[in-house]
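Alright, structures below, take your time with them.
Consider the two complexes below, in which subunit A is the common component and subunit B and subunit C are the respective partners.
Showing the complex of A and B:
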């Protein structure tokens, strides 16, 4: 089974994704659920174009990148453990780019 | 079950506030964010009625949000300020185009007057012309020094009472860490002050966002759909400032009050009596605050205008001596003549015995000197350092 997810990279994070801000992707997940931790692995392998260290640190996003799920701070949703639903919109905003 | 806002206990929370860890809804977030800035402005007496205030506008997130919030608060609380946007155009082909476009849109969106001053206006030289003259390796010194003074020079020429900059709590904490690590006592004192340059010679600079978290600035801009411009990454992990920032962020992940704690520590530190501090005077040429007879920008300009562009790419105190020597002798002071190493220009190939080998770029620190960092990491897309590390 595939899951459709809308991914947005903003505030400078788009530079790591070929300067493209909006991506609608279909992720094969089988019968399992997909959480953000697994989504990050998928992004790392399928979408990220350069400089992994500017996007991820260990198995999570680099501190200083704001993550929102349907415009809600992921800190309120269990961060890496949040289980993604069909058509969720997940936004990554870098706070580290030019003031 | 969606989490409810801890303030109104009615609407759905969508942001966890970094300062307090409390969940807030959109409206309560806007309100708290603006109120806290208003409170900062009031308690620190940042402005007086009738003042002409230049908002240093780069088109980036901090200054864009600052312009929007100051405009809002000025109307809501009737500060009676005469606000306008002041942008600096370094004169680098292609580089400012997008950010200046953003500032021009902000001018329309927020209905604020805009003044753009170029390096040509301020210094008689554009960055492009400087790069042409000196090459790319040393332009970092120029852009750092010129940028630091540009707003002040511009504001002086426009008869401004105060300059407001978008430096936020994260920036301030990061600068405190850097100044401690570098032992820069004078800057440590200055960077914690919410108003700086408050003396007859300079135009005071104020930081209404001193206690405002970067995360909230970005979230505010995002939810309000404010139009800002992001530059290519300036916090490449290898740069000194990048390390300081990463360190802060790592600490913050463990202890959410880290940023405020560091600012508090910085404010509490005082310099022991008897510690030698640089004496600040006025530059004899331009009147800008300086610890030497001539300020660094004037020295650099002197070099450019005399066709000696390397002049001043080093310590100002040494340069002031050199300036006197220049007419007597033009030879390199360094022993390593064969590698073209001189006091002011240390190429990457300088031998490890060279006394100047470890000298870092004042603005990008180890970045230029570290042999592990390739040139193109910095200069691929931009001709100059894109730093917002303008002196706090």
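Showing the complex of A and C:
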């Protein structure tokens, strides 16, 4: 089974993704559920074009990059453990060197 | 690297106690609506309450610091980034007739076009167009000024060997920035030039104040990196609501009305209001966090914020407690030749009754030691025999504060030239006639 997810990279994060801000992707997840932790691994292997350390730190996003799920702060949704639903819009906004 | 498949999922799940995904927490303010943002460790806010909270913080900081008087004109310094974009929207809302307590000043926007120092970045023109569109949409009068116009502030020309018959100001500013040896010095120099230009240009265009978009998050980074850069003496001016009389010789004051909100709050505000931003790559973009003091400090602060959400407030409230320093008449035999630093315009921190024990004197001492070890050839080889310019450069040092002197030591050729000319200018303009006379004798 595949899951359709809308990914947005803003605030400069798009520079690591070929300058493309909006991506609609289809992720094969089998029978299991997909959480953000797994999504990050998928992004790392399939979407990220360069400099992993500028997007991720360890298993999570680099501090300074904010994550919203359908415009809601991911800290309210369990962060990495949030289980993604069909057509969820997940936004990564870099606030590093913003001004 | 970490595993995310199999058993690890269970472990991760068990780490997050009470939140079931999707269920959503209630707002702590109204206890009714579903929260959309977490502020601090426990502040869950719904859309409505967050909106009130955010606008209130902006208005409260304006109220606590009544610097802008009714009818005055304020220029918002726009960078394309989220902070200044949010500021424009806040001011726009505050000026509209629907506002609860209408703001009573007039506003405009100033955008500093830094493209001449990034000649190799593609799509710069498109981005400038995007910015122009955003400014038109705002409905405010707007001004695009080029960074190289900072050379007009002090009417400075520098010589560069470009191979071309004439050297444009844009080539000069490119040379000035890029002849700094470290990213730390480049970032610091650029920041000072930007402030200088904003203050000067805003005044020329008839504005009484400049609004900067610096949030508490940004200020926490600035406070810590300024301390690391030896700028502790100027902390109040560099990070307070107002920079006071710092720029009075060249223009108006710079204000920071967003200093009570975090960058996270700004991003949420922009998301809710669909505020558009334009990202301009800068010197720090795609650089590792070890590339400069500022970048390293930023990583440090953001790393802390991730674990301890009240980091920003803790750091920046400390700076609230620091009072600005008024110029203290020092001993006549101090090494400083001006009251104010010719680059950052801060009060000189190098006046001390015993100048031999000052940090600036230490800087000289360690430099002397280095030169002694390397032989005296270092300085003369860099200057290529231009003795007059060597002399000129040595005069610069008396008009720079400790931190700017450290920056100056990380520059060469064009940047050194610029700083030297700035110094001569500031000494000439200086109100200390005595020193002026003294220097004229030497010149």
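Assorted remarks:
In the analysis below, the second predicted complex is superposed on the first by the 97 of 99 C-alpha atoms of A that agree within 3 Å, B and C clash if a C-alpha of one lies under 4 Å from a C-alpha of the other, contacts with A are read in each partner's own complex, and residues count from 1 in each chain.
Everything that follows uses one rule, which is that contacts are C-beta pairs under 8 Å (C-beta built on N, C-alpha and C of every residue); 3 or more make two chains touch, one makes a residue touch a chain.
Values in this document were obtained by computation on a predicted structure and should not be read as measured data.
Legend: residue contacts after superposition of the two complexes on their common chain; A:2 is shown touching neither subunit B nor subunit C. Legend: residue contacts after superposition of the two complexes on their common chain; A:72 is shown touching both subunit B and subunit C. Once the two complexes are laid over each other on the shared chain, residue contacts for A:63 go to subunit B and to subunit C alike. When the shared chain is aligned, subunit C comes close enough to touch A:35, but subunit B does not. By the document's definition of touching, both partners, subunit B and subunit C, reach A:12. In the superposition on chain A, A:20 contacts neither subunit B nor subunit C.
Judged by the touch definition given at the top, the superposed model places A:53 against both subunit B and subunit C. Legend: residue contacts after superposition of the two complexes on their common chain; A:95 is shown touching both subunit B and subunit C. Where the contact sets of subunit A with subunit B and with subunit C meet, they give residues 10-12, 14-15, 51, 53-54, 62-64, 66, 68, 71-73, 75-76, 91, 93, 95-99. Residues 10-12, 14-15, 35, 37-38, 40-41, 51, 53-54, 58-59, 62-64, 66, 68, 71-73, 75-83, 85, 91, 93, 95-99 of subunit A are the ones that touch subunit C when the two sit in their complex. The touching residues of subunit B, when paired with subunit A in their complex, are 2-3, 12-16, 23, 58, 60-63, 166-168, 170-171, 214-215, 217-219, 222-223, 229-237, 245-246, 249-250, 252-253, 386, 388. Here subunit A touches subunit B in the complex through residues 10-12, 14-15, 51, 53-54, 62-64, 66, 68, 71-73, 75-76, 91, 93-99, going by the rule given at the top.
Within the complex formed with subunit A, the subunit C residues making contact are 1-2, 4-5, 9, 12-13, 15-16, 19-22, 24-25, 35-38, 44, 79, 81-84, 213-214, 217-218, 263-264, 267-268, 271-272, 277, 279, 281-282, 284-286, 288, 295, 298-299, 302-303, 305-306.
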